[in-house]
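First subunit A sits with subunit B, and in the next complex the same chain sits with subunit C.
Our next item is the complex of A and B:
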């Protein structure tokens, strides 16, 4: 390569670039995770056969806890960031945008923490 | 043949809100929509406001919505429009001034924001004349040099309609033209601007811009190449 195309890597590091990349990576990882989840829960097991005992049995395995943790973390982050981007299209004031940014972050963080707390604490079948 | 022209009209000093006026015209299949507008101005209302200059698809002055699609009035023929009533409206997303004339300043402000000029502070070559580039290097950005700044792309973009701060396809096409020019030395600066909040990430690949471009520039692809360049930190060859 010659001239301007041979310059060193100067990739801009800002939140929107990070968010765009994160959206693509999470979407890519979610494809097998969501399909696996849907086929297992809705087809193999069936929604009518799921109860606390089933969840306890499933979460007895570290693999399924990690699987569900990834699904929760990636899907929820992907969804909330998408929501944030859509809202930002329609909110033009800087203050409104800040509120949406921080609100989305708090919403994502609180619900993700609740989900992970459940995953870590597990279920005790009665 | 007969055609009815339904034109969006608004006179800022007389009207409180826009309305549509219809005009019945005797036209030829090979007439351009611009010819129809000229006919209305000559036969019905000399006050009809629209922009035009070269009338040959080069100056980019007469972009407008024709039957709901952005196009240059001088490039659309009557025979290409299947409807008996031809609806003509101003571009969306820019402030309306009068009839089919919109305020292009927000559009040009975005154009200026991407530094639409070659930046190279290095000393001139030994012969003191040209900074040479190969045919292949020139070819890399050939397509995006074709832009005539008519705004048909930017004003067809739903991201731009929703958020007027978005640079928009036309500014990004210009950015692409200089980013991929081997003689340019401002890629880091350009990539910073393009990756900012109002930049390239607001493109949702709706492809409206590509469809609207009267110069047949593959705009969405050019924008995707800018996105790749930002991730790589240099023009993605």
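Our next item is the complex of A and C:
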């Protein structure tokens, strides 16, 4: 972190440099998106006032579906890469890191697909 | 695993003060939020894959234990956001100003901002929890 200036000059153009940048740039989008979502759902509405009808009503609006799609796409990628970076701090072996990388990719892909499938399909009629 | 042991014992013995506390709090809040986000993607996906199960998960989220966890989750999200903004701004815009005094001062400021954002939300959520689970303020 402290070598920020040096990094600008010497950082190799590889995936790790891209990931380092993406974590920081995504923050500027994630802060309004996540805080907006959290304040609305957890504080203003609250989990006691939610049911299937509430989700269906919310997703009837294209705006909220796009909002939730952005959240899912950005926040989960940020989170999984964060987890990957934490694990790389403690696992230094080439094989271990390769397992972490592929594991993170699979974990991210599966849950992202599951999330988008539900977001697109919507609430199942009872 | 040896690296993990070295790191964890290092976290306890190293006296990095504010910068180290910010690092640890950022890491813990990020991992905590990530854990909830993973569960949250699955629970919301249930509205399509298994709607009845979604309703049961909602009941679990309404429990007092989860309600308290939710209040801490909101702190994690606020703290991780404000501290993430600090890291992003320094790294991307003012890397030459990353030094011990600015790191310590900004880490303190971040904690104060996060607490100021969190406290009104925490009070409101606690009120809602007491109202729904204990019948207070009726």
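The rule we apply is simple: the second predicted complex is superposed on the first by the 111 of 126 C-alpha atoms of A that agree within 3 Å, B and C clash if a C-alpha of one lies under 4 Å from a C-alpha of the other, contacts with A are read in each partner's own complex, and residues count from 1 in each chain.
Everything that follows uses one rule, which is that a contact is a pair of C-beta atoms (placed from the backbone, for glycine too) under 8 Å apart; a residue touches a chain by one contact, two chains touch by 3 or more.
On a predicted model such as this, the values are computed, not experimentally measured, just so you know.
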Subunit B or subunit C, by number of subunit A residues touched | C
Based on the superposed arrangement, let me know which partner A:124 touches: subunit B (first), subunit C (second), both, or neither?
-> second
Where does A:63 make contact in the superposed view: on subunit B (first), on subunit C (second), on both, or on neither?
-> neither
Should A:30 be classified as contacting the first partner (subunit B), the second (subunit C), both, or neither?
-> second
In the superposed arrangement, which partner chain does A:17 touch: subunit B (first), subunit C (second), both, or neither?
-> first
Figure out whether A:43 sits in contact with subunit B (first) or subunit C (second), or with both, or with neither.
-> second
For A:89, select first, second, both or neither according to whether it touches subunit B, subunit C, the two together, or no partner.
-> both
So which positions on subunit A get touched by both subunit B and subunit C?
-> 1-2, 4-5, 7-8, 21, 89-90, 92
So, in the complex, the side of subunit B touching subunit A is made of residues 133-134, 137, 159, 162-165, 180-185, 187-188, 191-192, 195-197, 199, 201-202, 227, 230-235, 237
Subunit A - residues contacting subunit B, complex | 1-5, 7-12, 14, 16-17, 19-21, 88-90, 92
Within the complex, which stretch of subunit A touches subunit C?
-> 1-2, 4-5, 7-8, 21, 24-25, 27-28, 30-31, 34-35, 38-39, 42-43, 46-48, 50-52, 55-56, 72, 75-76, 79-80, 82-83, 86, 89-92, 111-112, 114-115, 117-119, 121-124, 126
What does subunit C use to touch subunit A in their complex?
-> 3-4, 7, 27, 30-31, 33-34, 37-38, 41-42, 44-49, 51, 54-55, 58, 61-62, 67, 70, 73-74, 77-78, 81, 84-85, 87-88, 90-92, 95-96, 98, 121, 124-125, 128, 132
